[in-house]
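Let me begin by handing over the structure; questions about it come next.
Each chain gets a letter, A, B, C, D and E, in the order it is written, and its residues are counted from 1.
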Amino acid sequence: MTFLSFLISGLSLGSVYAIIALGYTMVYGIAKMLNFAHGDVIMVGAYVCFFATTRGNLHPVFGVLLAMVVCTILGVVIERLAYKPLRAATSLAVLITAIGVSYFLQNSALLLWSSNPKVFTSVVGNASLKLFDGQLTISVIAIVTIVACLIIMAALTWFTGKTKMGKAMRACSEDKGAAQLMGINVNFTISVTFAIGSALAAIAGVLLCSAYPTLMPTTGSMPGIKAFTAAVLGGIGSIPGAMIGGILLGVIEIFGKGYISTQLSDAIVFSVLILTLLIKPTGLLGKKINEKV
Amino acid sequence: GGTEKPPAETPNAGGKEPAATAFKIGGTGPLTGGAAIYGNAAKNGAQIAVEEINALGGIQFELKYEDDEHDAEKAVNAYNKLKDWGVQMTLGSVTSTPGVATSAEMFNDRIFALTPSASAPAVTEGKDNVYQMCFADPNQGSASAQYIADKKLGTKIAVIYKNDDVYSKGIYNTFVSKAKELNLAIVSTTTFTEDSQTDFSVQLADAKKNGADLIFLPMYYTPASLILQQAKSMDYSPKYFGVDGMDGILTLENFDTSLAEGVMLLTPFSADATDERTVNFVKKYQELFKETPNQFAADGYDVVYAYKKAIETAGITPDMKAADICEKLVQVFPTISVDGLTGEKMTWAKTGEVSKTPKGMVIEKGTYVGMD
Amino acid sequence: MLKVDNINVFYGAIHAIKGISLEVNEGEIVTLIGANGAGKSTVLKTISGLLRTKTGGINFLGKDITSTAPHKIVERGLAHVPEGRRIFLQMTVQENLEMGAYTCPSGGIEAELEKIYALFPRLLERRKQVAGTLSGGEQQMLAIGRALMSKPKLLMLDEPSMGLAPILVEQIFTIIQEMNKAGTTVLLVEQNAQMALSIADRAYVLETGSISISGTGRELAESDEIRKAYLGG
Amino acid sequence: MIVLKKSTRKNLTTYALVIVAYIIVQLLISGGNISSSLQGQLVPICAYVILAISLNLTVGILGELSLGHAGFMSIGAFAGVVACISLEQIIPITILRLIVSLIVGAFFAGVAGFLIGIPVLRLKGDYLAIVTLAFGEIIKNIINILYVGLDKAGLHVSFLSDANALNLGDGGRVIIDGPLGITGIPKLSTFTIGFVLILITLFIVLNLIDSRSGRAIMALRDNRIAAESVGIHITKYKLMAFVTSAALAGAAGTLFAMNYSTIIASKFGFNTSILILVFVVLGGLGNIRGSIIAATLLTILPELLRQFNSYRMLLYAIVLILIMLATNNDAFKSHLQALKERLLPAKFRKEKGGTENG
Amino acid sequence: MDKGDVNMLPVLEARDLGINFGGLMAVNGFNMAIGRTEIAGLIGPNGAGKTTVFNLLTKVYQPTHGTILLDGRDTQNMNTVQINKAGIARTFQNIRLFSNLSVEDNVKLGMHNHIHYGMWNGILRLPAYWKGEKQAHEKAMELLSIFDMESLAGKQAGSLPYGAQRRLEIVRALATKPLLLLLDEPAAGMNPSETAELMDNIVKIRDTFQIAIMLIEHDMNLVMGICEKISVLNFGKVIANGNPSEIRNNPQVIEAYLGKKREG
């Protein structure tokens, strides 16, 4: 029974990572940049939803929608102002700019909303399912997160694989110049990528804070880094990979704590990551690209 | 509610140039970053005290707080900035690790420090001119164990502490050794870190599995609030015992206070106390900062009043050099007794440690109630 | 159809194109020849909008496109087979071809695909192969095929014969001529000056960023100067 | 007139820059014209300069993104300080003890670099980056559960429990106390030592780059397959760069730690790694002189912004973004180039091309 | 073919070489022997497997079957680096220079295993460093002079015009002191007059260094002009072997590769 309850905790933590990782992968796989500000967009999304539901008394559904709208706009604006001028620069230059944006968002949040933590009200309430005479509890938010994660993964897979915009995104991710020669509006495509990534960030923020309700200006940064790790573990650019990577990371974290040592939990998670990559150097579902010589 | 709305950095009651008529006091603390709540609280508390004292027209203070991002390196930078400004006595650093670093500098520079909240023993150890306003961590640890044993609060105890945090680990260390001494049964010890402070299901499951009926939580209230919430969703309802960092949990915006029902803690301050001094302070704080003050704010407030008392006793004047002030304060501090928000008749040992009695509090219906 | 008027292009501080003007009329095959590094590829990249000119203007189908975004230019009917092929290495052959038809309504793609596969049976064989693992020549075929997918009005080819077997070079030139007969205007950059001149209506010779000679294909092919410099004696 | 190789000329300028900066600062100090704030930052600036140079060796010269450089810094910091405290009786001369500590710090970090490098360097690109990040976090986690004490019997080491498990004898001293880190560190680092260490670092890195081994390392970066085809042993040279980089970071860590009375493991986490990376990228990949300047300026910048109080870090973020936009945007760069051309007579103008080495 | 070659062990012998890419036999049953100072050509339609043969010989790919004897030694367990040390150097169809390094450094990298001083000698600038670098510099200049490229020594390799880059790749390969030099489409992107010059140089290299050269090329002027022996590959199999005139008139080759109406 302990095993099962650990597994469930792992799945629910993992699905939060996964949902963040999906947004990460979207931008990471297509714009080919590590958007370290992603975690902070998540934080903004959570704050928007928080204020909308507590101070604005909006229904949670509208809270989430509003958060998505705000984050989408924020994502697109950030892309336009901070990343677009660097289209021709090295990816590292963009990475550093993203770090600047991350600091910017965190410190703006600090000034706007103060450093005092807020307690987020779960958008689906705190109900939980009790199984085996209450020996096993599954919270509703965990179920919602996992389901949301699956739906988003499926939708993204369909979108990038089947739609015209999705194909344009793949083309941009490989060669922006050639994509332009195909008649693809690269700037627009990348904006759409950021819009989707940021909308997902809003959802992720709301779900993250529903499950783990402390909300602070730094709330997004650690989950952001873990989700990035998860995205790499799953294989860069692979949408199902991001999800599997996220869930695995969560499960390993909980099992590591539960069965080995809480003191070593970070080391365990990262050791498993390293071992996995040593065995499979392109992540779990990453494509092995053999360079033609 | 912003932290930075209040009037001016350095209020000047008379409207005249403070120059040599005001004492320059300053401190460092995390005003940005993940620990910013503590720094801002201490700063705000001190600021209220400065405004009050300046309004009296006697001793005048000029207060400056520099951001240290909860980092030893930045804290030394911040402290040096204060030196350039001409600081005459300091409020040290708000948190422990930066506190250890800055207090070593202040010891060398002969600038007196009274820190509101840097509670690690290493902050004061071997430094005759560094004093604490808060309990030192070991005291909290052993006092908590003693309290639990005396009142027979729990038979099987679980401890969850933050493994990469000086404060949390410091209290844990002495709690454990004292508990051993008192034959308290610790049945579960688990940890978490800055990087993994979201999910506590494993820690709670361990405590539950081992039948713990009391969980000792030497940590700040933010992770504690998550523990309370997650335990509830597991249908696990042990007693909780916290330390001074737990204070503030009721002020968390939008917190479901019923989760904290029955949580006990040792703290020198509670915002719900009904004495005039506290009521007055809380009211002012809420007006200025739109938040309820926590214990850091109270400690910051008390530090300024302690300085006032010491200055009066020692006959120090604003035109004196920092080093001279330091020598006088070193002599006078062990002799004075101060009444403040965090304790009546507080006195200091020559080691810099404060002596005040912690109050055992329990949360009932969303307010703190004295346990004794 | 295409009118390039006194363009100047820079790579940072390097002045790569120094006041070039040229014209391509509807239905023509025009070729640009010149030594390595003369700036041929740069001219093509500037026309398709990948690079910007500092001065002067470019007019395509009666509209000024000097500062039009590349994708808009492509939509107007220009296709560019860039130097170095620039195929999408991680996509399959077929996906690459489909990308070529990005601006076209999705209906007619099938027919167009079939045409390309008929031209290059090799590509049909390798339809599902990841383009990055194709041989050099196969990649070149794919790059040309991809450009043809959009049924362009003006086709710009940058060294299409590079790396192709002799038999294929012939084929490519035949294809160019056929396409031209069917109404596609062609601007061709070639190292293989002899072949290029033999099918070109007109030609321009580029020398370190400026046009040194221009004339009809035949005139240039017969000029001694050109023979010596570009046709190997 | 002796004509120096372009890279030699560049390197000499770099040395000159460092030496002149040192002299100016010393003059300011002796004249009492320097603020405590700036003076307090001199040693950390030296440490960050060394860290930036060493990371540039991995990121700029070897071409592999590392997100865990602070891990090596922390190994150097803890190992160096433990050495320093343990040797208190044996080597009473402080300067000598500091030098030994620096070497110990560099050695341990180098060994860690070697052990980590062997598996890690088989990976590529972002996968490698994430694994270095992971190692950085693991190092942090391990130091957090590491207890080291000293008594007459020598060093005692214990994991996972607490300082009591060290079973120290009478008069024993706990040196590393798990998450509490080390306290009571003697403040032995000085600006002059830092300066000398920078010169040594420059000497090692610049000479390495401009030698047979350095060429091989840069060849790996530019084209791995071609490098193999001319007979260059990939792993050997990757490791050489990685280990050198780690060892220098270790020395910098010791220098840094010996400037503060306390260090804790969490200081050397992801954020610090990123900070060093920011120096490197801002200064220019492969550009050693750029790293020095960027590390110095970006360390001072947040202190200069203190007057803006609570807006300080926000401004820092904005400045960082603006600098990145300014230095990496083509349009902006060509404006800058044009300006330079107008201002500088032709013969002083730098030739384009060649890697930036110094 | 040089007279001396006839009685000597071939520098390279490939027997029944083959590789399978997930079901596709890119090269199948490839046999070839190259004399010590021979210039051999490898031609064939696009995708026939020519580059793959080079990749097999240099162990960029491990052959699925077959043997390669280099100077009589089986190369079964060698990797790319060891192959180079044992005597095969190559250029690439897609230019692979160390494009951020100078032209001279590119050549010195070719000489990497022939410069003998270690890391510490380099860092500490011991005499071995100065001696090694001086020799390397002189040798690099000498090699660059083959293509009259001494004046480009300080230029960044990536900034050279395409043709110069191709030539530099050859110089770099030569610097490894190979017994056998593999050139993959050395004349691609060159105009006829540049190609003519390249042909002279290839012959000159063979004559001065007394090494074997094997080249892949689609420019028939070059192949027919300088190769002493030509193998034609189609669908991974050798379909013809012989001297230029034999190949030129082989109907199978004309059908698959040359086409009926030939240029030039």
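The criterion applied here is as follows: contacts are C-beta pairs under 8 Å (C-beta built on N, C-alpha and C of every residue); 3 or more make two chains touch, one makes a residue touch a chain.
Keep in mind that this is a model prediction, so the values were computed, not measured.
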{"item": "Minimum number of chain-to-chain touching steps separating chain A from chain E", "value": "1"}
{"item": "Both-way neighbours, i.e. chains that touch chain E and touch chain B", "value": "A, D"}
{"item": "Farthest-lying chain, centroid of Cα atoms versus that of chain E", "value": "B"}
{"item": "Between chain A and chain D, centroid-to-centroid distance (C-alpha), Å", "value": "31"}
{"item": "Centre-of-Cα separation between chain B and chain A, whole angstrom", "value": "36"}
{"item": "Computed distance of Cα centres, chain C from chain B, in Å", "value": "73"}
{"item": "Touching two or more other chains - residue numbers and ranges from chain A", "value": "107, 110-111, 263, 266, 291, 293"}
{"item": "Shared-contact residues (touching 2 or more other chains) in chain E", "value": "51, 60, 92"}
{"item": "Chain D: positions in contact with at least two other chains", "value": "137, 140-141, 144-145, 225, 310, 313, 330, 352"}
{"item": "Inter-chain touch pairs (all)", "value": "A-B, A-C, A-D, A-E, B-D, C-D, C-E, D-E"}
{"item": "Chain C residues touching chain E - in the complex, by the definition given at the top", "value": "35-37, 122, 126, 133-138, 140-141, 159, 162-171, 191-195, 228-233"}
{"item": "Chain A partner contacts - residues on chain B that touch it in the complex", "value": "1-4, 32-34, 36-37, 40, 163, 190-196, 198-199, 201-203, 205-206, 209, 222-223, 225-226, 229, 232-235, 251-256, 291"}
{"item": "Complex interface listing, chain A residues touching chain E", "value": "293"}
{"item": "Residue ranges of chain B touching chain D (in the complex, touch as defined)", "value": "3-4, 9, 31-33, 66-67, 69, 71-74, 76-81, 83-84, 97, 100-101, 103-105, 120, 122, 125-126, 163-166, 169-170, 173, 176-177, 193-195"}
{"item": "Residue ranges of chain A in contact with chain B within the complex", "value": "2, 5-6, 9, 13, 50, 54, 107, 110-112, 114-121, 126, 128, 130, 134, 137, 139, 212-214, 216-218, 222-223, 226, 253-254, 257-258, 262-263, 265-266"}
